[in-house]
Each structure stands twice: as structure tokens, then as C-alpha cells.
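Input: structures, listed below.
Both complexes below contain subunit A, partnered by subunit B and then by subunit C.
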Partner chain A sequence: MSEITLRNICKMYDKDHYAVKDFNLEIHDREFVIFVGPSGCGKSTTLRMIAGLEDISDGELWIDGQLCNYFEPKDRGLSMVFQNYALYPNMTVYGNLAFALKVRHLPKDEIDRTVKQVAKTLEIEKLLERHPNALSGGQKQRVAIGSAIVRRPKAFLMDEPLSNLDAKLRAQMRIELAKIHKETETTIIYVTHDQTEAMTLGTKIVVMKDGLVQQVAAPAEVYNNPANLFVAGFIGSPSMNFFKALVTEEDGKAALLLGNAASGRKVFLEGKRAQRLLKEEKDREVTLGIRPEDIYEYQEAVDGGFEKNTVGLEEVVDTREMLGAEVILYFESQGKTQSVRLKPENQSKPGETIKLYMNPEKIQIFDAETEENIFYEREI
Partner chain B sequence: MNQSGATVAPGRNFYKNQISKEELEALKLEMNKKALIKRRSQTIFRLAVNVLVAFVVLLPLLYAISIAFMPSGELFSLDLNLFPKNPTIQNFVSALKNVPLLQFILNSFLVAGLITLGQIITCSLSAFAFSFLEFKGKGILFMIVMATMMVPGEATIISNYLTVGNLGMLDTYSVLIIPYLTSAMGIFLFRQFYMTFPMSLYESAKLDGCSNLRFILKILIPLTKSAIGAMAVYTFINAWNMYMWPLLVTGSDKMRTVQIGISMLNSVDSQSITLMIAGVVIIIIPSISIFIVGQKQLIRGMFSGAVKG
Partner chain C sequence: MNKAKKKWSFTSYCYLIPSMLVFIVFLFYPFAKTIYLSLFKTNKMGQAKIFYGIGNYKDLLSSPSFWNSMKVTLIFALIVVVGSMLLGLVTAVLCNKAFPGIRFFSTAYALPMAIASSSAAMIFEMMLHPAVGIVNKLLGLNINWLNDPNTALYCVAILTAWLNSGINFLYFSAGLGNIDDSIYERASVDGASGIQQFFNLTLPGLSPIMFYTLVVNIIQAFQSFGQIKILTEGGPNESTNVIVYSIYRDAFFNYKFGSASAQSVILFIIIMLITMVMFRIEKKGVKY
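Our next item is the complex of A and B:
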């Protein structure tokens, strides 16, 4: 059992500069929590505060009902995996795995049993006699994870553990991490700037920016129901397209005018969403967000029944990326590079004009000033 | 294909884009032979140059050894005599008889050994603090420590003398050892080594529940063996060669060190170069042997920072 609660956690390096501000989070047993955000957003600092490697400037950290602000790192019962593995180069793999147990003065045969068992789980039994410098990156990573597991901590803290690996190994280790999480049944707090890792591994994602938590939700929730412009743009690759648009009313529908009125580019919203939009933002400029996979060609739009909702959206293709199962076309609009994800049958070449249809159901609208998502549905 | 392929110049059949197995084999043998000869001649050349340079560098030392075996009359002659014509060990015998050289060697060993040990302990501890711990004024404190390197020993020698004199420590082992128990140079050297280790190593040890002292003993020291070796050799030889301070603070034969012992051989009324050189040769032996034992460590320590990266 492990419950970790962070209440208004702050980190200040100097008087009025917050590295982390009012961080609130409840982490339940066996959750896989991901802190994600661009570099310098305070995610690593938060993790290090939980570990006890940084002082908490303000706020409370509760682990299993105990206030842990002033506990020594070793007394918090957590273990950490570092980006650069932090293996002791002078010890063999066995020595590395056994070190934390030796420090705790456990009996020798128990240490031996635990180390061998962990080595078996991670399939590093053959490496036990080797020194870290004789291991490959992936093997080092396994050993680092092993030396974290061996202590049976209340929770694992992982600080970008995969970022030193190459792309293929990273994908492989990602799957293994998910497996380890399932097998060891512990809580994991994981820091990454890679949103693929965040989406695939996490049961709960904490999106951060400039020391502030932007949204805490399950991966699908963060993707489909982003709280604000930043979250919408950060999660997803290629990232969400944003257009400046003016909200008007036309025949009871909400019409979003993209660019100037003369261009005639319009997207219509209907029903509840339209009402909400008109109520809050009528005749105001907003930011329209739509993911590349929610933009279609004519035939699919007809199949979806929304071909009449997009008017005049014609774009010149800049670049074409063939990815096998899909094709991504990039185009310039409103001074920004936008993208659309289409079926590989699409044969558009750079320089050609393509007609695009947005699915109005998938459109998100962000307030121009607060950048909050108008359609964001708060969890109850 | 003919069998004479081996003797024909390579490339004979290349225009045909074909070559028989035998020809290829012969070609390979021939090339291997050539490469071997080239490699060997290069090795011989390098060895010869090395021997020559080593001889030039070692000449004063070798000459000193040779003088030590000469009877005193033989040195001052007009002919060039690099080698003793009538080798004798009389110089060594009288050097040992005139001054208690063995006692001095023992003293020097004790002093230099304890200074080395003390410096390794104090320097590694303070270097650990300067590289892994966070505390207020760390930068300034380190700067102050480094600044002491710029103060020449001679500048403080009088005030140090007065201090130890007032403490009543003159003419003891402790006065020879205690002022040298730490060195800014050693702190700097160790700190540079410790900085090459990632901070996460220390943090990981801390999370594992490892104390600072245990971290130093179990992880840092094993990893910096070469630095310690280099530092030990350097400190030992420096301490062995100390002259001014021991001369000032020791008075009795019981406490004097070897360097002073040598100067005692050089008395005004019975100056004998051969005798002195014999004394020098005797006292060189320990420091040279320390160097021979530690040279691997010393060189590795001096260059590891540069090569390891």
C-alpha cells in the first residue's frame, strides 16, 4: 500500500521565482503517474522533492499518512531510477543490486536470494558478475531498475529513465516497464518530456508548464479533453492545429470564420456545443484547435455526414510524409505549419491544392485571453 | 593458373577480374611479410631513440652512482673518468659512520609516510564536501582554500616557527608532521576527480540509505585509486625532500631528516664530494623505489582526467 499526497508543494530558488508552484496531487496505490512537460517546467524538481533530494520550500508531502517533508531520503521508502543509470562503476552487477540491502544490514543469504530473484525477473542473471562498463545501455537500464526494485520500495521514482537509449530500445524498454509495473504491483512516478512515453505508460498524466500543473487526467482524457491550449498543443504528434477564428451566428448555428471574412472559410458547429460557444464567445476571436486525424477528405466527410460544415478550406500541400499506414500532409495556414493525417491512398503531391473537411464534433475552442478550453469538461 | 604467382608482382591478373586461390594466398603471405618487417624496424628505431634519450636524462644520476664508488682522490683528476678505476664502498661506510644516516632515513620515512596518509584522508574528505555537499559559502570557502596555494611556504615559515615554538613543540615528530597534514593542491586534485562522477551517483547512494562516510569509503575511494596513488607518490616525495622546515624546527640528531643529514656531511673542514654523493645515493634509494612502485598509478592519475573525458 502506498498513498502519496502532495499539497500545495512549492519550490523557490530565490525569493520570488517559483520553480514549482502549488502542486496538488493524490497518487493512489499501484498508479503509474507521469509528469510530463517541456524542459524547465519543474517536473524533475517535483520528483526530487518527493525523493528528498531537494528541500520543499512550502507545502506538505504525505506518504502513507505520514508527513514526510523532513524525512531523510532513505527513510521515505522510495527508490529512484536516474537518467544516467547511476550504477556504481566499481561494483559488479551483483554488488550494485546488493548494495542497498547490504547498507541495511540484511542477512547474507536473504540478500543473495532477493538479488537472484530480481535478476531473474529482469533477465539479467547472466550479467551478475560483470561490471557496469561492460554492459550496453539497455542492460545498464535493466540493472538500474533492478537495484530500484530490490528494496521493495513503496514507490519507484523514475527520472527520464529511457532518454539515453536509442529509439528501438526505448520502445522495447517501454513495454518492459509496463510489464514490470504490472508484475511488481507498485506505484510508479515517472518523469519524461516524451509525450509518447507519457501516453503509453501512464494511468494518470500530470501535464506541467512553468512550474504549474496544467491538467491531471488519464491519457485518453488528456488527449480528447485538454484543459487548455498548452495541453492540447503539447500532447499528440503531429501536434494539434490551431487557427484564429471569429465566432458568429448563422441560421442558429455557430459559425467560425477562419481568417478574414472575404476568404469565406467557415466551420459550423451545431447543437449543445454551438449554444455554449455562442453564449460565451459570440463575436469574439477564439483559437480553434483540431487534431490532424480529425480533418478529412470529401468522401470521408460525406460518410461522416459533416461535409457541409466546412466551407472553403482549400490548402496548398507543402510537404508529404508517407508513413506506410498513413500519410501526413503539411500546409501553411495563418502563418503556421499545420498538418493533416490522411489515408495512404491519398496521392496529393507538394504544390497541389487539397480540399479539407474538419469534423466539427472534434473541434476544441480556446479562449483567446485565458487560453482555457471552452468545451473542457471537468471531472466530477 | 601457374604456381609462380607468388613471385610475380601483385595485380598481374587483376585486369581479368580473376585470381586463383593460390595466387591470393601467396599475395597475402607476401604482404604480411612486408608489414612485419616494417613493423619490426619501426619498433627497433623507437627503442633506440628511447634508450638514447633515457641515457641522456639519466646521465647525472648514473654519474653520481659512479662517483659514489670512487675513492676521493680519483674524482679530482684531469682525465675524464666516468667510471671508478678502483671501486670502493668506503664512501658509503664513512657516510653512515659520520652521521646517523639510518636514523635520518627512518625519521624521513615516518614523517613522509604520516604526512602522505594524513593528506589523503583530509584532502579526500574536504574534496568530497566541496564536490558533493551543498552548504552556504561553499564557493567562497573553496576560493579561500585555493588562494592559499598562492602563498609561498617561505612567507609563513617565521610565524609558523614562532607558533610551534610557543606551543613547545620544537624538536618533535609532531612539529614535522602536523603543519603538512593537508594541502590545497590535494584538495583541488581530488575535487577535480570527484567532479567527473555524476551527482546522481551520490543521490542514488543516499536513497539506498548509504551514509556519507560509507559512500566515500565504498564508492569514491575505490574509484579514485589512481588519483590517490598519484597524490601519494607526489606528497611522499615532496615530504621526503623537505629541507627548510625540518632544519628550522629540529635540533637533535634524533629528529633530523635525511636532507639535513646530507648537508651535515658537507662540513667545512672535511669537505668530501664523494662522501656526500654516497650519502645522496643512499637517500635516493627510498624515493626512487617509491616512484618505481607507484609510477603506474602516478602516470594514470596524471593523465586519466585528460583521456577519460
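Our next item is the complex of A and C:
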């Protein structure tokens, strides 16, 4: 059992500069929590505060009902995997794995048994006698993870553990981490700037920016129901498209004008969402956000019978990326590069005009000033 | 193989001439001359006069004064090496953390490096003065430190240890800087106490530089001269007559250049043997 609660955690390096501000989070047993955000957003600092490697400037850290702000790192019962692995260069792999147990003065045969068992799980039995400088990146990574799980800690803290690996190995280790999480049944707090890792590994994602928590939710929730413009743009690849749009009313429907009224570039929203939009933002400029996969070819939408807006958007294709299972077309609109994810059968070439259709049900609207998502539904 | 041979050329050797000249004039020639002289009896001018064979060596090995010198040298070297390395290590570890005033302490700990052994000796002479010295004043004792055969050697050795600690502080500071900070972070999360971290991470992390420092310190200790010349001149009662001082005295007071040369050769052999043994051990002891 491990419950970790962070209450209004702050980190200040000088008087009026917050590295982390009012961080609130409850981490339940066996959760895989991901801190994600661009570099400098305070995610690593928060992790290091939990580990005890950084002082907490303000707020409370509770681990299993104990206030741990002033506990030494060794007394918090956590273990950590570092980005550069932090293996002890003077010890063999065996020594590295055994260290945390040795300093606790556990009996030798018990240490031996545990180390060998962990080595077996991670398939590093053959490396036990080697020194870290004779290991490859992937092997070092395994040893680092092994030395973390050998102790059966209350929780693992992982600070960008995969970022020094090449793409293929990273994908492989990602799967193994998920497996380890399942097998060890431990809480994991994981820091990354890679949103693919965040989406695939996490049971709960904490999106951070400039020291502030932007949104805490399950991966699908963060993807489909982003709290604000930053979260919407940060999660997803290629990222969400954003258009400036004016909210007007036409026949009881909400019409979003993407250019001037004469251009006829508009999208209609209906139902509850339209009512809400008109109530809050009528005649104001907002940011319309839509993911590349929620834009279809116009003809496809007409054929499918789910076309609801009167006009399609005509755009000139800039670049075409064929990814095998899908094709991504890039086009310029409102001075920004936008993208659309289509079926691989689409044959549009750069320079050609394509007529597109935005699925109105998937459109997110962000307030121009606060950048909050107007349609964001807070979890209860 | 052929290709490599072609690269040997006269021009490339020419580049070595300046440094080789310096080595030959100040090192190789005196060294050869010393070996040569050690086989002769000399006149007062230091010129070889009568061939004596290994007679000088035989005389030395049967002289109680020489064996006393050997004993004194070993005790002296042991105290100096252990003392200066411990002092250097402790000060370097203390200064490895950032805190206000660190520059003051770093400078203070590295300072002995910049002090001439003779000036340090003068200061110590004052401090150890039986009547007005601060050491006796503070300890409330009345010991004639430098003139008592029981204490003179320790005083000179401790002074030398302090003098040599400055450079060790520098070596160890550099060595500590090379140890990755994140392994300490991991160790503290892993549950290691400060002492466990020191013995499991810091000491092994310093082992490559530790070895180098040890070799340099041993050689330095065997060759200490200035402070002994000023403080005790080998006395009282030969209790600080280390071998280097004995060489000096035999050559320039007693004009026994042959005997002095023989002692030099023996000192050389001892230092060479120790260094060879050290390098042998290093291959096993230094782990990475």
C-alpha cells in the first residue's frame, strides 16, 4: 500500500520566482503517474522534491499518512531511476543491484537471492560480473531499473529514464516498463517530456507548464477533453490544429467564421455545445481547435452522410507525408501550418487543392484570453 | 609494419633535441656521474681518485649511522605520506560542498603548496620555541620540541605533512569533481548514510587519483630536505638524519663524495622499487 499526497507544494529558488507553484496531487496505490511537460516546467523538480533531493519550499508531502517534508531521502522508502542511470562505476552489476540491500545490512544469502531473482526478471543474469562501463545503454537501463525494484519500495520515481536510448530500444523498454508495473504492483511516478511515453504508460497524466499543473487526468481524457489550449497543443502528434474564429449566430445554430464573412469559410455547431458557446462567447473571437484525425475529406463526409456544414474548407496542400497506414497532409491556414490525417488512399499532391470537412462534434473551443477550453468537463 | 618504418626520420628526432639536452645536462649526466663516483674514493674537490669498487656500499651497509638513517627515513616518510594524504583528503571532502566562504577555506587549504619549505620551517621554529613558542603556551607544556630526540622527528614530519597537504588537497578536489553527483543522489535514495557513501563511492571514485598522489607523496617524502636543514640539521643525536640529509652532510661537510654517491644510488633503488611495486598493485587495486 502506498498513498502519496502533495498539497500546495511549491519550490522557490529566489523570492518571487516559482519553479513549482501550488502542486496538488493524490497518488493512489499502484498508479502509474506521469509528469509531462516541456523542459523547464518543473516536473523533474517536483519528482526530486518527492524523493527528498530538493527541499520543499512550501506545502506538504504526505507518504502513507506521514508528513515527509523533512524526512531524509533514505527514510522515505522510495527508489529512483535517473536519466543518466547513475550506476556506481566502481561496482559490478551485482554490486549495483545489491547496494541498497547491503547498506541496510540484510543477511547475505537474502541479498543474493533477491539480486539473482531481479536479474532473472530483467534478463541481465549474464552481466552480473561486469562493470557499468562494459555495458550498452539498454543494459545500463536495465541495471538501473533492477537496482530500483530490488528493494520493493513504496514507489518508484523515474526521471526521464528512457531519454538516453535510441528510438527502437525506447519503444521496447516502454513495453517492459508497463510489464514491470503490472508484475511488481507498485506505484510509479514517471517524468518525461515525451508525450508518447505519457500516453502509452500512464494511468494518470499530470500536464505541467511553467511550474503550474495544467490538467490531471487519464490519458484518453487528456487527449479528448483538454483543459486548455496548452494541454490541447502539447498532447498529440501531429498536434491539434488551431484556427482563430468569430462566434456568430445563424438560424439558432452557432456559426464559427474562419475568415471574413464573405469568404464563407465557416463551421456550424449544434445542440447543447452551440447553446453554451453562444451564451458565453457570442460575437467574440475564440480559438477553434481540432485534431488532424477529426478532419475528413469533404466528399467522404458527404458520401457518409454526416456532413452538417454547408461549405467545405478549401486548402492547398503543402507537404505530404506517407506513413503507411495513414497519410498526413500539411497546409497553411491563418499563417500557421495545419495538418490533416487521412486514409492512405488519398492521392492529393503538394500544390493541389483539397476540400476538407471538420467534424463539429470533435471541435474544441478555447477562450481567446484565458485559453481555457469552453467545453472542458471537469471530473467530479 | 613497413609503413610505420618509413615514418621514422631524422627530422622527427631533431624536435626532441632541446628537451633531451636539458635532460642530459641536468639528469642523465649527474645520474651516471653519481654511479661512477659511488665506486671511488674522492678528494675534497669531489674528483674520483682511488677506485674502491663496491667498498663504499660495503662500508655503508656495515655502518650503524646508515641504518639509523634508513630507519629515520622510513618513519619520516610514513608519517608524512599518511599525514599529508589524510589532511589533503579531509580538507578536499570538506570543501566539496558549496557553502558561503568556501573560497576562503579552499585557499587556506591549498596554501601550503605556495609556501617555501624554508619559510614554513622558520614559522614552525618560532611556534615550537621552548620558551616563547605558541605550542608550549597553548598546551601548557615545557618541551624543547626540536632538541629532544623523542619529538624532533615527529615535529619535522608533521610540518612536512602539512606542507605537502596543499597539493594533495588540489589533487583530491579535482578527483572529487570527477565523481558524478547523481550517484550520490541515488545512494541517498537507496538508503546509504554519509559514511557509507564515503567508503562505497567517494574512496573508490578517488582510487585512480589516490594512487598517483600516493606515488608522488612517497617520492616527495623521501626527498624532503629544506625543512630538516633549517630546523634540526639532522640532530639531535641523528634522530632526524634522513638519508637525503645524510647525503648532503657526507658530501659537503665530510667531503666523502663517494659515500654520498653510494647513498644516492641506494635511495634511488629504494624509490624505484617502491614505485614498481605500486604500479604492480595498481593494476589490481584500481577498479576502473
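The rule is short, and it goes like this: the second predicted complex is superposed on the first by the 372 of 380 C-alpha atoms of A that agree within 3 Å, B and C clash if a C-alpha of one lies under 4 Å from a C-alpha of the other, contacts with A are read in each partner's own complex, and residues count from 1 in each chain.
Simple rule for what comes next: a contact is a pair of C-beta atoms (placed from the backbone, for glycine too) under 8 Å apart; a residue touches a chain by one contact, two chains touch by 3 or more.
Here the structure is a predicted model, which means the values were calculated and not measured.
Upon superposition of the two complexes on subunit A, a steric clash is found between subunit B and subunit C. Contacts of A:Val302 after superposition: neither subunit B nor subunit C is touched.
Shared-chain residue A:Ala220: touches no atom of subunit B or subunit C. Applying the stated contact rule after C-alpha superposition, one finds that A:Ala100 touches each of subunit B and subunit C. Put subunit B and subunit C next to each other and count what each touches on subunit A; the higher total goes to C. When the two structures are aligned on the shared chain, A:Asn133 is found in touch with subunit C, with no touch to subunit B. Using the contact criterion defined above for the overlaid structures, shared-chain residue A:Val316 touches neither subunit B nor subunit C, since it reaches no partner.
In the superposition on chain A, A:Pro89 makes contact with both subunit B and subunit C.
In the overlay built on the shared chain, the residue A:Ala51 is in contact with subunit B and with subunit C.
Of the two partner chains, neither subunit B nor subunit C is touched by A:Leu67. Overlap of the subunit B and subunit C contact sets on subunit A: residues 51-53, 73-74, 78-80, 82, 84, 86, 88-90, 99-100, 103-104, 147, 151. Contact residues on subunit C toward subunit A in their complex (touch as defined above): 180, 182-183, 185-193, 196, 200-201, 204-205, 207, 287-288.
Here subunit B touches subunit A in the complex through residues 198, 200-201, 203-210, 214, 219, 222-223, going by the rule given at the top. On subunit A, the positions that touch subunit B within their shared complex are 51-53, 73-74, 78-80, 82-84, 86, 88-90, 99-100, 103-104, 147, 151.
Chain contact summary for the complex, subunit A toward subunit C: residues 51-53, 72-74, 76, 78-80, 82, 84, 86-91, 99-100, 103-104, 131, 133, 147, 151, 157.
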